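Consider the two complexes below, in which subunit A is the common component and subunit B and subunit C are the respective partners.
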Partner chain A sequence: MSLRYLSKRLMYTLFVFLFVVTFNFVLFRLMPGDPVAMLSKEIVSDPEARAAMEKLYGLDKPLPIQFLNYLKSMITFDFGQSFQYREDVWTVLKDKIANTLILGAASVPLSIIIGVVGGIIAGAHHGKKLDIGITSFTMLVYAVPSFWLAMIFLLIFGVKLGWAPFNGMLTAGVQYNSVNWAYLKDLFRHLALPAISYALACFGSYLMIMRGSIVDIYGEDFVLTARAKGLSERQVRNRHIVPNAMLPTTNMIVMSLAFIITGAFSIEVLFTWPGMGRVMVDSVMRRDYPMLQASNYIIALMVIIANFVLDILYTYIDPRVRVE
Partner chain B sequence: MSERLLEVKDLRTYFKITAGEVKAVDGVSFFLNHSESIGLVGESGCGKTTTALSTIRLLPDNGYIHSGQILFEGRDITNLPEKELRDFRWAQASMIFQGAMNALNPVQKVSDQIVEAILLHEKVTKRDALERVKGLFDLVGIDVKRVNAYPHEFSGGMRQRAIIAMALACNPKLVIGDEPTTALDVMVQAQIIDLINDLRHKLNMSMLMITHDLSIITETCDRIAVMYAGKIVEYGKTDVVVRKTLHPYTDKLIHAFPNIYQPRVMVESIPGDPPDLFNPPAGCRFNARCEHAVKGLCDCKEPPLVDMGGEHFVACHLRGGNQ
Partner chain C sequence: MENIKNTANTPEAQQLSPELLEQLKQREKELRARKRKMNMKLFFGNKRAVFGCCLLACFFILAFVVPLFYEYDHEAYALGPRVGAPTPEYPLGFDELGRDVLGILIYGAKASLAIGVFVTLIIAVIGTVVGISSAYIGGLYDTIVMRITEAFMMVPSLPLMLVLAAIVGQNFTNIIWILGLTGWTGTARLVRSQTLSIKQRTYIERARAVGASESYIMFKHILPNVFPLIFAELVLTVQNAIISETTLAFLGIGDPSVPTWGQLLRSARQQGAVSGGALWLFLPAGLCIVLLAASFVFIGYGFDEILNPKLRRR
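Moving on, here comes the complex of A and B:
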């Protein structure tokens, strides 16, 4: 990979970031209404109090200065106070993000493995019973709304069979002083049901993409070449088909990784997982604008970063991207 | 060791489709001696590619060899077990695919794809295999410095050269060329033909060339087999077949080419379409399109392939001499 390519992608990423941030700024300035009026009716009528308010929020400064201040706070993750928590937004959000990442780390790799391996198996048996079986099952699970699937899981394995807890991240009331074995055990037990439901909700799209690419590539000429060379079916599949089929699948996986951070709203809500998805749902309910704005900003940031990572990753898996 | 490298006897290759069976190759026989080359020529869908793919048993899933023998140095390929078949492919008989198509894996280095074939069939180190690839690049006229290139970094002509290099990697006794110059521009086409001819003499290799382009066969092949609707209709030494054409179809095929030495006239086309191989016509398969066809003979009785002397065979009631 050339330094030129890297710097080009970096410039592009920076440009997209600035665009998104600026858009976010302009959007709120264009909205009708007076921000000070939102705070209190009395203040608006009193010019002195109003001026003090505007000074407090920096609204007395000209727009370019406001923009620079805004930019600075975005970069330093200073999102102000949450309306519902009465606390610094980032302080609240970073814990929630960590919780969501724990759930994501437990479920997303699982769904990627099921999706990719299942897709390879189904694609290699294209049109046969095994393929029809895998594909039908996947379509069924994929078509079912994830919240319904999660509810069924919760009901069967959580309530009826009682195999695993389905409430929160840790057993309520138990205090852990450090990350020790007991803590991890408790965490993993709580993780089981939401992680598996989440994985089931996600793997379908990976599997269908992987299967589709595998089937397409089986018809390519270089597969015939590989067979003519005397490679076994297994070698043809592992050396020639899968590396090519991974290209569209990797694209999809990396892009979906960006959205891990938002969590699966429905699953976090159902299993009362204290993650970012649940915070966002709560914030919408309670009109917690600073929290929502920060969440949106972080999602945008993740998507931009994922795109950048994908650009770099692609140069390793697809040689055609290396020449610009 | 027998003189015959390849002998195909009454080969029938069929394809299963939902409606039944398509007889893509229906009783084809020909032979090829060591260091000779033979060209299979015919329209699209006449069974020439199927014949070639049958010889290394590389048929699509729904295709199978119904009957007949393919003797490679006396060994019948049609009933070779899977493992031996894989060892046979490329080491004994390799293929030159159409380079313009996607015959090379786009995400692998060209050299790695050739090394893969060498390592599969021979016990050599990767370093030695790579050295051989460099030698092959040199042989086919690709700059050895390009050894680390990917397929997309090559031009169409270079890709075709690389594919030829790949076909030669394990020193096979037979090289099958499946339309190796199709979809290349005329200049590159000429270069590739020169290269193939050159290599044929240098390496003393036997070749089975499949093409719809008669001119390529006349330039590269000792023998020619004209196929029509799954059968060989005329077969013999190239210059004999071209100069003393017997079968009306071969005649039409030759006249479908413009002659640059003669006054400019519209080239002739062959009226009608090739027959449906799912339900082939009775009698001579060419009878519906043949201007010499005799009612009551050509549309009833199938003409056998008869030897007209000097290893020149023809399957025609009128020209075959046994009316």
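Moving on, here comes the complex of A and C:
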């Protein structure tokens, strides 16, 4: 990997970061509304108290200075006090991020596997009944809101069959002193329904992309060559078609990273999973602006960093990127 | 199939002899009729597109015809018990305020269709303006606009929607704007890439050679040729908008004064309808959303196969 490529990606990442911070600043400071109320929750009408508040929050300074202060607080993760928790925003948010990532880490790989395997099967049988069946089913699943699928699963497996708990991340009232076997078992029991329903609601786009690129590659000359060499259909598929078809799919997976973090918000709310989605929704209801601002920023930051890392990794998967 | 140009109306054609001009007109008419026939055949040969259109027609009837025969007042509370079970008079039961669920279901169809149409309209306009201008002007403008679009694309839209809803408020119009303003990036990129490829075609060069102005080329040649290519994508945008609105409403971000399906799902969540067995609160509403969204997905993919000749060959 060339240094030039690396520095180019780094510059771009920096640009996106600055863009996001600026956008957030504009959103929370320049939108119609009372910035003092946004920062302190109280609506202050007394002019003297108001001026004091503005001074306290640095709102009396010129905009560029305000922006620099804002940038500094974002970089140092100093987001102020949450209105609803009456606690430092970052202290509250830390745990929620971890919980959201646990749910994402459990469901997204599952959904990628279903999508890729299904896409290979459909693509290998393109035009046949199996393909039409798989793609039609996928299109139908596309149209299902993830939380509604989760509700149905909850109804069947939670309520009727009693296999899985309804809500939360751990059994309420049980204390675990460390991460031990009992803790993990409890966690997995609670994780199963949200993770599986989220995975099933999301595999559609992976499947369609994978199928599309498989079908594309079937028409390529090197496939003909491979067949002419006398390779069996299975060898052609597994060695020549699938690895090449993985490239656009990998790209798509990278692009969809953001949804690992945010896609399950509605599922978090349904299962009262203590993740970022619930915090953000509660914050909207309670107008907890510091919390909203910090969550929005953190999510963007995670996506930006993940994209950068994957951009670099991508050069190892697709040698063509390296040459560019 | 190549586009059939209206050469009979060009100044060059006016200099032809009357018989030749007549022949030219005849020929173009025939070609156009044949193309229309072929498109119809392609459309009706595509079972998914036909199925999607039929489904969509049902929802249009539900939204615009059924309300003529079924009265529902969103302000009429306490018609029955809270989350009351279905009765013969109210076959789908009651919501948490004792309102008629069947009524919400019927009147909610209009809200979902409105969301789909208006959000897609906003997305189509922003996406087309950004995409075409970016590809057409090029240079530094293109780089800056596309970098911003990509940055927007990278940032997840759901948190942004939540933040916007908290800042600007949650009435119906605001929700439409929020969905539209956060969803245009994909369309803009698609329009840009299609414009770039059309810009290279010889007929653009020809138009320029005969002295057409840049804006004429943009409106008369590029826009009409880009549009069919992004049509399928826009249909899928409708589905996306409907699901996003439902998700927001489910999360509690919605206009309580407008009956929507998402609202039913939210009250199902808040009232514990799943564990309480109040199926009427979330099964019919969810099915409606799935079927309406599916109709757009089927139409979208169907049209993609029709409009995208590369797919057709397979």
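Just a few scattered comments:
In this section, the second predicted complex is superposed on the first by the 295 of 324 C-alpha atoms of A that agree within 3 Å, B and C clash if a C-alpha of one lies under 4 Å from a C-alpha of the other, contacts with A are read in each partner's own complex, and residues count from 1 in each chain.
In this section, a residue touches a chain if its C-beta (ideal position, glycine included) is under 8 Å from a C-beta of that chain, and two chains touch if they have at least 3 such contacts.
This one's a predicted model, so the numbers in the text were calculated from it and none came from an experiment.
Following the overlay on subunit A, a side-by-side fit with no clash is recorded for the pair subunit B and subunit C. Legend: residue contacts after superposition of the two complexes on their common chain; A:240 is shown touching subunit B, with no touch to subunit C.
By the touch criterion defined above, A:221 lies against subunit B but remains apart from subunit C after alignment on the C-alpha atoms of chain A. When the shared chain is aligned, no partner comes close enough to touch A:67: not subunit B, not subunit C. With both structures placed on the common chain, the touch criterion links A:77 to neither subunit B nor subunit C.
In the superposed model, A:295 makes contact with subunit C only, not with subunit B.
Note on the composite model: angle subunit B-subunit A-subunit C, taken at the C-alpha centres, equals 70°, rounded to the nearest 10.
After overlaying the two complexes on the shared chain, residue contacts for A:284 are found with subunit C alone; subunit B is out of touch. Touched residues of subunit A were counted for both subunit B and subunit C, and C has more of them. When the shared chain is aligned, subunit B comes close enough to touch A:229, but subunit C does not.
When both complexes are overlaid on chain A, the residue A:270 reaches subunit C alone and has no touch with subunit B. Taken over all C-alpha pairs, subunit B and subunit C come no nearer than 12 Å in the superposed arrangement.
Contacts from subunit B toward subunit A in the complex involve residues 56, 58, 86-91, 94-95, 97-98, 101-109, 113, 116-117, 120-121, 150, 152-153, 166. Those residues of subunit A that touch subunit C in the complex are listed here as 12, 15-16, 19-20, 23, 27-28, 31-33, 126-127, 135-136, 139-140, 142-145, 147-148, 151-152, 154-155, 158-159, 166, 215, 219, 255, 258-259, 261-263, 265-266, 269-270, 280-281, 283-285, 287, 289, 292-293, 295-296, 299-300, 303-304, 307.
Note for the complex: subunit C touches subunit A at residues 48, 147-148, 150-151, 153-160, 162-168, 239, 243, 246-247, 250-253, 265, 268-269, 274-275, 277, 279, 282, 286, 289-294, 296-298, 301, 314. By the touch rule above, subunit A contacts subunit B in their complex via residues 220-222, 224-232, 239-240, 243-244, 247, 317-320, 323.
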